[in-house]
Each structure stands twice: as C-alpha cells, then as structure tokens.
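Here come two complexes built around chain A, the first alongside chain B, the second alongside chain C.
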Partner chain A sequence: MSEYSITIGTLIAIQAIVACGLNVIVGYAGQISLGHAAFFGIGAYASALLTTAGGLSFWSALPIVLGITGLIGLFLGLPSLRLREDFLAITTIGINFIVVSVFQYVPFFGGALGIGGIPRIVLFGERIRGVSFLLLSAGFLAITLLICWLFTRSWSGLACFALREDETAASSMGVSPVRFKLTAFILGTAMAGLGGALYAHFMRFISATDFGFPMSVMILSMVVLGGMGTLWGPVLGALVLGILPEVFRPLTDYRMFLYAALLLLMIRFQPGGLLGENSLARQTLSRLKGGKS
Partner chain B sequence: MQLFLEQMLNGIAIGAIYAMITLGLALVYGILRILHVAHAAVYTVGAYIGLAIFSATHSILLSAAGAMVFCAGLGFLIERFVYFPLLKYPPYVPLIGSIACLLAIEELCRLAAGPYILSFPAQLPFPSFTVGGIVISSTLTAVYCISAGVLALLWFITTRTELGLAMRATSQDMAIASSMGINSHRIISLTFMIGSAVAAIAGILVGIYYNQVYPSMGAVPAYKTLALIVVGGLGSVPGAVLASILLGVGETLLIGYAGIPLPRDALAFIAMIAVLLWRPQGLLGGRG
Partner chain C sequence: MLLEVRDLRIAYGDIEAVHGVSFSVEEGELVSIIGANGAGKSSILNAIMGLVPSRSGSIRFKTAEISRMAAHERARAGIRLVPERARVFPRLTVMENLRVGLYGIHDRSREEKQLEWLYSLFPILAERSGQNAATLSGGEQQQLAIARALISDPRLLLVDEVSMGLMPKLVEEVFTVLQELNRQKGLTILLVEQNALASLEISKRSYVLETGRIQFEGESRVLKDDPRIREAYLGL
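And now, the complex of A and B:
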C-alpha cells in the first residue's frame, strides 16, 4: 500500500470512530446533534495539550481525554432534556461555533496558530506510524463497534430505543429520559474524544478550523448515508464519503460539486441510508434470502 | 458620540439586511417546520444574478427584478424537488438535504463565476444626508428605505390580504386549511417564492454595501440566521426582524467598543443560548 492510501485509510478509520459516537446519540437515542465535531476537537485539543504541555504519554493521557470529553458531553447534553428537536439542532450548531471560536481566540489553545509538535504514539517501545497507525486506528474502531454492539444489547440500549420511539410512553413505563439520554451523550462524545485523540497524534498538528461546523455536517452525513441506528452504517458512511473525494480527484474543480450533488440525491432518494430500513441494500438482501421484502 | 452614532447607524443597516434574510427563513419554518439552510444559497445566487444583469445593462432596477424572478424560481424548485418529498421523514432528513443543497449551489456559483471576490460597483439612486456632522451615505439610505419598504410590504401581505390569511391558516394546520378549500401546496410554493425573492434583494444589498460578491458569502449567514429565528421565536416574523436588528447593532458595538476577543459569528449563538435559558419560546414567540 502506498503512503497516500494508508493516510486516507487511517483518516477513514478515525472518522468512522467519531461517526459511531454520533450514531449512539442520534441513531440510538434519537437526539439530533449537529455539533459533533466540537467533541472531536475537544478530544484532539485535550490530548494535544496533555502530551505537549502536560508531558504525559498518549496512553496515560487517553483516559483523561475520554473523561474530559464525556464530562463536557454530559453538560452539553443537558439542553437535550429541555429542548425540542429543532431547538436542539440549532443549539448544537451554536455549541460547535462557540467551541471553535474559543479554540481560535484563547491563547491557551494556541490561538489561530493551532498546536504543533504533538508527539507520536509509542507502543511496545516503538513509534507508531504508517501501517501500524492504520492498524491501531482499526483496532480502536473494532473496540468502538464492540461497545456499540454491547450497548444495543444492554438494558441502557433498549431504554434508549424506547425513548427514541416514544418518549412519553417510555417514561410512563419507568424509563428515565434524563438518565439514558445522558448515558448516550456521554458514550457518544467519549467516542468522539477517542477519535480526536487519534487524529491529533496522527496529524501531529491541529488547528481550530479542522473541527468546524462543516466537519459536523460531514460526520452527520456519514451516519445518515450509512444508515442511522445500524451498527455498520457509520463505518460504511465513513468509507463512502472518505473514498468519494479521492475517486473524484481527477475531476479537480468539479469534485466538491459532485460530492454535494451526490449527497443531495442520496438523501432525496434513500433517506433511510444505505443500510437502513427500506433501503435498496436491505431489499436486495432479503430478496436473496428468499424472505418477503 | 459621533462615532457611536455612526456605529449605531451601520449596525442597524447590517441588522436590516440580516432581517431580510431571516424573514424568508422564518416564513418557511412557520409553514413547513423545516430549517431552510439553503436559503443562504438563494441569497448568494441573488447577488450573482443581480451583479451579472447589472454588468450587462447598468440598470439596478432591471438587475433587482431579474434576480428576484430567478431566485423565486430557484426557491420554488428547491421546495418542489427537495423539501416536499422529504416532509414525511424526521426533521433531520430535510435538514441534511438542505445543507447538501447549500453546498451544491455554492459550488455551482464557484464553478460558474470563479472563486474570486467580485466587486459590485453600483450607485443606488438614493440621496445622502449630513445631519449634525454625521454623514449618511446613499448606500446606507438605500438599505434603510428598501428594507423598511420590503418589511412593510411583507407585513401587509401576511396580515392584511387573503393570501396572508391562507398562509397563516396553512402554517397553523395544513390538513384543516386544505379541507377549508385552501390549496395548501400552492401556498407553500408561494411562500418559498416570496421568501426567496426577498433573499435576492438582500443578496444585492449586501453585495453593494460591502462591494463584495463571492461564492461562500452565504456560509456564515446560513447558520447565523438559524440562531436568529430561534432568538425571535421559531416562525415568528416580527420576532425574527427584532432579533436581526438587535444582533446587527450588538455585533457592531461589541466589536467597536468592548474589544471582546470572540469573533462576531459566535455572538449570535451565545445570545441564542442565553435567550433559550431565559425565554425558551423566543423574544416574541407565543407559548406552545
């Protein structure tokens, strides 16, 4: 594999982790969030600061990073208890803009220059780069998927599904919206934090613009495109949206336009996502199995 | 004092322009409950079409009329081919459709006109004043007059005509409005066309005011206006106008005086979160 395709692959794996986190919040718990890149950024900045200014290693910083992003996720999840869907969507957009401007204008976070010189990850005495970084990210992605799968099988997961389908009915059955919505927020944002930490140590230079609102849209598009609420949907979405710009690269100027147009067509004709209910893939699969479609 | 007044006047002008963009968004949200992010793309297209016609004919009236007609058509197409088929899905689906639409149209503008900042060298046929040593330029006068006119006209249409009655009925309950003999689909299309035509005027005014037209000029207004309709009370048109003007003045004064290190774009959202904590229904929104 060339260096170039390894880089693309690593970025796809990292974005898939972040998209899985968003899927927990949006797909499982049904809470729309358009500011997920903020948590991606918080994870990246936390890890970068702890390893450069704090002098910690990646592995000792990681639990702290996950704790910080989960805690901030808990606080920013609080509005979801009070706000209706559209208000929540706009509030999370706002959170994204505010977090980015804090990174950009507070000197502690490196200001407009960002943070550079982030050390490489050291594992078994070796500096991780290239293929090993790709494998490491893929390993973390596998752990994330396992946690997602366990979550859907757990009591908390079931409670989240119930709240997503009908909050009033679920809470009258004794399912606490506060507890389970916040569980989903903590879990989802901690996954974004993990993605952010990996991103920071992969790029070794971060700046606030990497985590702006367009990134949030991109992550949400991955989840929706792949199939919201499915296990593999976010991974497929990250793969498709990660590879498409590379496939379109020969088209240079028309690249972004085709990308946007494709996203538009996709959401217009397959709003449930590639792996969602009633999608072409699902129908074909059930037809192959011989079941009723 | 003089500087303060000049800042105020500029702030109100910026607020009035925000108001014209936000209006279309508030109308659309009121009727379809969709966050119409692509509205900012319509506004960008309005600025480009206006500039193209102005460069060809040197008539600002023709340019405004052409841009309004074109944008009304564009708004109609977006409603008919993107939003209407997606209405039955959860709200995030049309929202993503809208964001994709915004990106696609922005890119189309970039491909058609190039990534450069174009200047819009129009002189508007409005007088300039000097009151007590403060110069009010003709552009500023134009922004005030045109936005006041547009807002008054929209107020008249929505509250004093049968079309406005039908629009309000459709936004309250589409099914019952239809059963009362209102062609609600046509009302929705008309709402989009009116909102988009106003966005075209806003685009041209922004182009002239800053003397800049560029492909991503809609990117920041797209999301800032979302915050504004929340602050005003989702779907409330007077609330949206009030919130826009307050933001315009607030931004200008804060940047001019307080020297707060946050960029102006985050300010709208900070105000929004404060308002949500204090009055969750918005400044002028009703309960419910």
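And now, the complex of A and C:
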C-alpha cells in the first residue's frame, strides 16, 4: 500500500469512529446534532494537551480524554431535554462555533497556531505509524462498532429506540427520557473524543479550523448517507465520502456542489440511507438470501 | 381505593379544558368515562399518566400522591396507558414494541410467559412478531398497544378511545378482551370512550363528562336506562 492510500484509509477509519458516535445520538436516540465536530475537537485538544504539556502517554491520557468529552457531552446534551428538534439543531451549531472560537482565541489552547509536536502513539515499545496506525485505528473502529452493536441489543438501546419513535409513548412505558437522551449524548460524544485523540496523534499538529462547522456537516452527511440508526451505515458513509474527493480530485472546485447533489438525491430516493430500511442494498440482499419479503 | 382523583383541573395555556373533576376507581373495577369529542376525557387520562400537567387538584394512586411525578415514574408504579390511536413504535418490530413494555422488569422467564399469554390473547401479533409495527393495520396496531401495556402486568390500565377508527366487529372483540381481563384476571381498568353504549355495557360504573365537568355518575346499568343519557349519548 502506498503511503497516500494508508493516510486516506486512516482518516476514513477515524472519521468512521466519529460518525458512529453521531449515529448513536442521531440514529439511535433521534436527537439532532449539528455540532458533533466540537467533540471531535475536544477529544483531539484534550489528548494533545495531556500528552504535550501534561507529559502523559497516549494510553494513560485516553481514559481522561474519553471522560472529558463524555462529561462535556452530558453537559451540552442538557438542552436536548428542553428543546424541540429545530431549536436543538441551532443550539448544537452554536456550540460548535463556541468551541472552535475558544480553541482559537484562548492562548492555553495554542490560539491560531494550534498545537504541534504531539507525540506518536507508542505500543509494545514501537512508535505507531503508517500501516500500524491504520491497523490501530481500524481496531478502535472495531471496538466502537462492537459497543454500538451491544448497545442496540441492550435494554438501554431498546429504550433509546422507543424514545426516538415516540417520546410520549415511551415515557408512559416507564422509559425515562432524561436518562436515555443523556446516555446517548455521553456515549456518542465519547466516541467522537476517541476519534479526536487518534486524529491528534496521527496528524501530530492540530488547529481549531479542523473541527469547525463544515466538519460537523461532513460527519452528519456520512451518517445520513450510510443510513441513520444502522450499525454499518456510518462506516459506509465515511468510506464513500472519504474516497469520493480523492477520486474526483480533478473536480476539487465542484466538490461541495457534488456533496450537496449527492445528499439531495439520497434524501429524495433513499431517505433511509444506503443501508437503511427498504433501501436498494437491503432489498437486493434479502432477495439474494431468498428470504421472505 | 386504587385511584382517587380530586378537583382535577387541566389547562392548555389560558384555556381550561377540565374544570375540577373528582372520581375514583377501586381495585378490580372497570370504570368508564364517556362523553363527546372535546369533553376532556383524554386530557384526564393523560393527566393521570403524567403526560399533561394538572393545574391543580390531587391524584392519588395506591394512597400515594402522584400528581407531581414524571410519567415514567408513574409507569414504574404500575400505571399503563393504551394511548389514543395506539401510538405504537412504527420502526420497531412487534416483538420489540412488546419488549419496551417490559422495560425495567428484566426477567427472562416472565418475559416468555407473558409473551405466550399475549400471543394467545391476540394471535395476529404472534404471526406478525418480526414485522415492523408500521406495517400493521389500524386494528392490529390497537391490539399491539393493548398488549404492550398489558405485558408489564399493570395495577391500573388506562384505555384511551380504543374504539376510534376500528371496524365495529373489532370494537366488539377488543371490548370483550377488556371485559374478560377485568373479570378473569381482576385487572383494574379505567376506560375513556366516545362509544357510550359499548362502554356502558362492559363497565361497572361510569362517569359522564360534558365540557370538562362530570354531569352524571353511577352504575352503568342505571345510567344506560336514564332517559337523559339515552337521548344525549345513545341516540335512542
């Protein structure tokens, strides 16, 4: 594998982890979030600071990073308890802008210069780079997917689905909306934090603009494209949106236009996403299996 | 007394929909509240479940005051609602819908027993158990909503306009099921209905609600023969 494709692959794996986190919030719990990149950034900055200024290793910093992002996620999930969908969308956009400007203007976070000199991850005495980093990211993605899968099969997962479908009916079945919305926010933002930490140690230099609103839109596009609420959807979305810009590199100027067109087409013809219910992929698959309906 | 409601007032903004209503349901009773559309029947059930805040008055369930509790806490205490128009979870399967009803009661052996019982009560649900609830007909969704409420073995079952939108044959079936649950299993049921005749027939006592106030109350047998009620509600 060329260095170029390893880099693309690693970034796709990292973004897939972040997208899986957003999928927990949007797809499983039905809460809209347009500011997910903020948590991606919080994870990256937390890990960068803890390993540079803090002098910790990646591994001892990681639990703290997950704790910090999850805790901030919990705090910022609180508006979801009171706000209707449209206002929640605007609030989460606002959160994204606030986080980015804090990173940009508070000297502690390196200001406009960002944070550089982030150490490499060391595993079994080896400095992780290249293919090893790709494998490490893929490993973390596998763990993330496993957690998502376990969550969807658990009582908490079922409670989240019920809330997404009908909050009133769910709460009259004994499901606490507060508890499960916040659970989804904590879990989803902690996954974004994990992605952020990996990103920081892969790039080894981060700045606030990496985690702006366009990144949030990108992550949400991955989830919508792949299929909200499905297990593999976010991964497929990250793959497609990660590879497309490389394939269409000659068309760089039209990239945003292509994304928009792609999203509109999806919403018009495959609203459930590529892997969603009643999608072409699902139908073909069940036909191949020869199963009923 | 299992449920005792006193001077319940419910308002939506400045408009008061229920003006100080008092009634009670004893353990093992099947009580109905009948009245025209907009009389405030559903508001009362939603206030008991905790889905709509009450402006004033008290709601006591098993001697505890519950009017300030959140809906999910009341559900845990043993109140379950069959909501108006079923409100099943459309993108969950029939089986998953039923399992949500068991949320908080994590008991495998009981789950299987309850499912078996409910499938015998509503055989169509067994046939459709792997299907998304959205694909069910209106009548099937209504049966699913009842089963979803029953699976937790509630102390008090609130039933909101179960006959709405169902074909007459199905209304009769559903009412028979409710009556049997009450008689054979001793399930306490509070029924809210526009279909006055059917609910007077299966309930022991009834309250007649008119624009947010209780106008008549008593034994359903007696109310059924009351000329004023016959004229206004039964169209006889």
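Keep in mind that, in the parts below, the second predicted complex is superposed on the first by the 282 of 293 C-alpha atoms of A that agree within 3 Å, B and C clash if a C-alpha of one lies under 4 Å from a C-alpha of the other, contacts with A are read in each partner's own complex, and residues count from 1 in each chain.
Going forward, contacts are C-beta pairs under 8 Å (C-beta built on N, C-alpha and C of every residue); 3 or more make two chains touch, one makes a residue touch a chain.
A quick note: this is a predicted structure, and the numbers were derived from the prediction, not measured.
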Handout entry: Clash-or-fit label for the pair chain B, chain C on chain A
Key = fit
Exercise for the section: With the two complexes superposed on chain A, say which partner A:169 touches: chain B (first), chain C (second), both, or neither. Expected result: second
Exercise for the section: Using the superposition described at the top, determine whether chain B or chain C touches more residues of chain A. Expected result: B
Exercise for the section: Quick one: classify A:158 as touching chain B (first), chain C (second), both or neither. Expected result: second
Problem - Superposition-derived angle with apex at the Cα centre of chain A and sides reaching chain B and chain C, degrees in steps of 10 - result: 80
Practice task
Could you tell me if A:177 is touching chain B, chain C, both of them or neither one (first, second, both, neither)?
Solution key: second
Practice task
Pick one for A:94: touches chain B only (first), chain C only (second), both, or neither.
Solution key: first
Problem - Three-chain overlay, closest Cα atoms of chain B and chain C, distance in Å - result: 8
Problem - Sites on chain B touched by chain A in the complex - result: 29, 33, 35, 81-82, 85-86, 89-93, 95-97, 99-101, 103-104, 106-108, 111, 223, 226-227, 230, 234, 261-263, 265-266, 268-270, 272-273, 276, 280
Practice task
Could you pull out which chain A residues touch chain B in their complex?
Solution key: 26, 32, 34, 79, 82-83, 85-87, 89-91, 93-95, 97-98, 100-102, 104-106, 213, 217, 220-221, 224, 253-254, 256-257, 259-261, 263-264, 267-268, 271
Handout entry: Residues on chain C engaged by chain A in the complex (per definition of touch)
Key = 49-51, 70-72, 74-76, 80-81, 83, 87-92, 96, 99-101, 103-104, 106, 132, 148, 152
Practice task
Using the touch definition up top, name the residues of chain A that touch chain C in the complex.
Solution key: 155, 158-159, 161-162, 165-166, 168-177, 229, 277
